[in-house]
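You will see two complexes here that share subunit A, one where it goes with subunit B and one where it goes with subunit C.
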Partner chain A sequence: METNKHITIFHGPQHPGITGNMSVELDLIGETIQKATTHVGYLHRGFEKLVERRTVIQAFTIVCRICVPEPDPNEANFAMAVEELAGIEVSERVKYIRVMVLELSRLASQCMWLAGQSGSIGLYAVGQWAIADRDLILDLFEELTGGRVYHMYIYPGGVRRDLPDGFLRRLEKVLNHFKKRLKEYDNIFINNASFKSRAIGVGIVSPEECIKNGYVGQVLRGCGIEADVRKDAPYLVYDQLDFEVPTAQGGDVYARALVRRAEMDQSIHILEQVIDKMPEGEIMVKMPTHRKFKLPKNDTWVKVESSRGEFAYYMAGDGSEKIRRMQVRGPSLVHAFTLLEDLLVGAELSDVALIMNSLGICPPEIER
Partner chain B sequence: MKWSIDISGTLSPLGILAAMMQKPNTIAYPAVKKETAVGYRGFHTNLLVDCIGCANCQDVCMNDAIDMIKTDKEYNVKNSSQCIPRIDYGRCCWCSLCTDVCPPDSLKLDEEYLGVTQYASDFLYMPKDK
Partner chain C sequence: MFATIKNRFATTDIEVKREDLYKVVVQRDAIFELIFMLREQYDYQTLNAITCCDWIEEEHFAITYILTTSDRKQSFMVQTMIGREDAQIDSLTHTFEQAEIMERDLHEMYGIDFPGNQNLVELSLENWVHTPPLRREFDTLEFVNNNLSFREGRDGNMDVKKEMKRLRALKKAQKAAAKKAKEEASEVSDGN
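Take a look at the complex of A and B:
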């Protein structure tokens, strides 16, 4: 590299604009990025191996830690994989409660995105509002599961607690608050001229690249491709619920923001249906103790739609009380390496946080 | 070069000024304290008259956070080992599996969750008898 022309800087892991404990090494000429290299390894805990060393029931408490802002898709995947291998059938009520938890978690995660995305261009008020609104959902989680962030609620064979008295009424109240609030977010953020001028035409991905490289979630839907696991391979009771898969054209940061914003509406719509249709029934099938619960020799692949895209688990049992192999396939790995490194070339330094937030990268999920 | 102004996009964010009239979302902690939800997974409690010292909690703990400690006093005649659980809060993840497997339902998680100490040894927590 030519002396005094290039500069190399690290964006993260302490940078407030980074989406967690990872960093991007940037080679710049002036403000323009010539090369970007993603570095991870700051929080490697080896979740997959930790799970394999414990009994199935013990392992269930680990998986939620794979993604901090949105732990529930991990819990749902883990529980569904174990149930499929062990041939456990859960009740209709459990399925509805799981959908409710997953949609609440999606809404909370989109609030986190709203905070990150608005903060990345300096609109901090929006971020503070979004985090305050997310707290309303965390309050509901606290009441339902006993934990605000790590819920450890969706258990193989059911859910750990039934809904507290009046919970659905309180949920409805929070949803009504969100409906009003989302219009305000439209005014101050989504339709904001400064956000549009920063986001339109930045970080463009083509539909062909998405298909070729396996990009998922808003990246895919932001290119106009209607792909959602909830519609394509319905799990739980999503086939009984009415909702749309929002898409947008352009494949840029703004298109992804529009998709996320529309998904918040859809989550509220799904939750309202869940409130109306919540059936009565058992919340847990009778399970053996953790030393006696054995996973048959078989393997399975399950997937759910997280707030950032398709989230899949491979699980294999060998007839013992431990899981022989578990593999996590989240959206972050491919987004943080293949996609981010490509998108940042030619972008401005000030756009790094903006682009990164729009991709929904969650580092603990890369380093599972 | 052509200039254009997005008038609605420029004016609509001014709606945020209305928020100046609203009450803040935050509370004036510590003068005002947030009420913890019933069933919150906080510190452990152990009703010693019920605890049978079976060590199921120790067995299920995936973090090896529970030790069974011998007591001088006999709290429960059914507790022949006279051992009761002690939790290492340096290892505990508050998953509540220990309380799920407790046969007499004596081990529970309380709503209390604030703990401040200057001694590392205080992380070895003996659950309150309640």
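Take a look at the complex of A and C:
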């Protein structure tokens, strides 16, 4: 590199504009990025290895920690994979409760995104509002599961507790609050001229790249591709619920923001249907004790739609009470490397946080 | 599609796992031909993941390529076995760009070599010189005992089982004492 022309800096891991514990090494000329290299490893906790030492039910307690802002898709994937391998069929009520938890989790995670995305361009008031609104959902989680962030609720074979009395009424109240509040977010953030001027035309991805490289979630839908696991390969009871898959055109940061915002409306719509349709029934099938619960020698691949895109698990059993292999494939693995490293080339330094937040990268699911 | 795969790749190991998920196991030398065929003829355009499972007793790794159609309605698990000693399999980066990061991950965690992948550098682990950690022979507990030490002052909490046993005994004794006290109290009141 030419002396006195290039500069190399680290963006993160200690940086308010980074999405979690990771960093991007940037080669710059002036403010323009010439090369970006993603570095992870600051949060490696070895979940996939830890699972191998534990019984199936002991392993269940740690999978939620694989993604801090949105733990429930991990629990759902884990439970669905175990149930498929063990041939367990859960009741309709369990399926509806799981949908409710997953949609609440999606809504809470989108609030986190609102806070991060708005903070990345200095609109801090939006972030304060969004985190306060997310707390209303965390209150519901606390009542339902006992935990605000990590729930350990979607248990293989069912869910850990039934709904408390009056829970659905309180959920409805929170949803009504959100319906009013989301219009205010439109005014203060989505339609804000500052945000538009920073986000339109920045971080553009093409539909062809999305398909070829396996990009998921808002990256895909922001290119106009109507892709959502809940529609394409429905799980739980999503095929019985009415909802749309929002898309936008342009493939830029703004398109991804529009998609996320529209998804919040859809989550509320789904939750309202869940409240109306919640059936009666058992919340747990009869399971052997955790020391006697064994998975047959077989493998599978399960996936759910998280708030950031397709979230999948590979799981293999070997006939023992321990899982032979559990491999996590979150949206962030490819987004943080193949996509981010590509998108940042030619971008301005001030756009790094903006682009990263729009991709919804969560480092713990990369270094599981 | 299944008949073509069976005839062309001499395998009977094809399974419909779910309506949206198929699995096939083929010989290692045929796997890339099969992946190309699925991509070109059956629209499996996206590589979702490359997974590895260590079957140490059978001395091989099961490598699974998970492919999905462009409409994302069908997935296919294409699996092959490679030996654990000098484990290697050609890279898929020339066909799928995102394979680079997936192979890099498996290289670090299992020590598998992917000839053709130019970027098999460290990913999450820094200066790792021990056995690749996801191999079955790597024992996390043994590694911790050999390489890490407990902070001074925490030695007393090391044996969790012993501590649990002590707490259970303590609880039992407290319960017995409470019961005895209750009985004595009722005897006194009866006497009165």
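General observations
What we mean here is this: the second predicted complex is superposed on the first by the 368 of 368 C-alpha atoms of A that agree within 3 Å, B and C clash if a C-alpha of one lies under 4 Å from a C-alpha of the other, contacts with A are read in each partner's own complex, and residues count from 1 in each chain.
Keep this in mind: contacts are C-beta pairs under 8 Å (C-beta built on N, C-alpha and C of every residue); 3 or more make two chains touch, one makes a residue touch a chain.
Quick caveat, the model's predicted, so the values are computed rather than measured.
Annotation for the three-chain superposition on subunit A: subunit B and subunit C clash.
Of the two partner chains placed around the shared chain by superposition, subunit C is the only one that A:N213 touches, whereas subunit B remains out of contact.
Of the two partner chains placed by superposition, only subunit C is touched by A:A316; subunit B is not. Within the superposed three-chain model, A:G147 lies in touch with subunit B and out of touch with subunit C [touch as defined at top].
Contacts of A:H44 after superposition: subunit C is touched, whereas subunit B is not reached. Shared-chain residue A:T289: touches subunit B; no touch with subunit C.
In the overlay built on the shared chain, the residue A:F337 is in contact with subunit C alone; subunit B does not reach it. Working note: subunit C versus subunit B after chain A overlay, options 2-10, 20-28, 74-82 or 164-172, clashing stretch identified as 164-172. Touching of subunit A by both subunit B and subunit C, each in its own complex, is seen for no residue at all. Note for the complex: subunit A touches subunit B at residues 54-55, 57-59, 61-62, 125, 129, 132, 135, 139, 142-143, 146-147, 150, 152, 160-161, 164, 184, 186-189, 191-194, 196-197, 289-291. Here subunit B touches subunit A in the complex through residues 5-6, 8-10, 12-13, 15-16, 19, 25-26, 36-41, 59-60, 62, 93-97, 100-101, 109, going by the rule given at the top. On the subunit A side of its complex with subunit C, the touching residues are 40-41, 44, 46, 48-50, 52-53, 84, 211-214, 227, 229, 232-233, 299-301, 303, 310, 312, 314, 316, 324-325, 327, 329, 333-334, 337-338, 366-367. The part of subunit C that touches subunit A in the complex is made up of residues 17-18, 20-21, 23, 45-49, 51-55, 62, 64, 66, 68, 70-73, 75, 77, 96-98, 100-102, 105, 109, 122-126, 133-134, 136, 138, 140-141.
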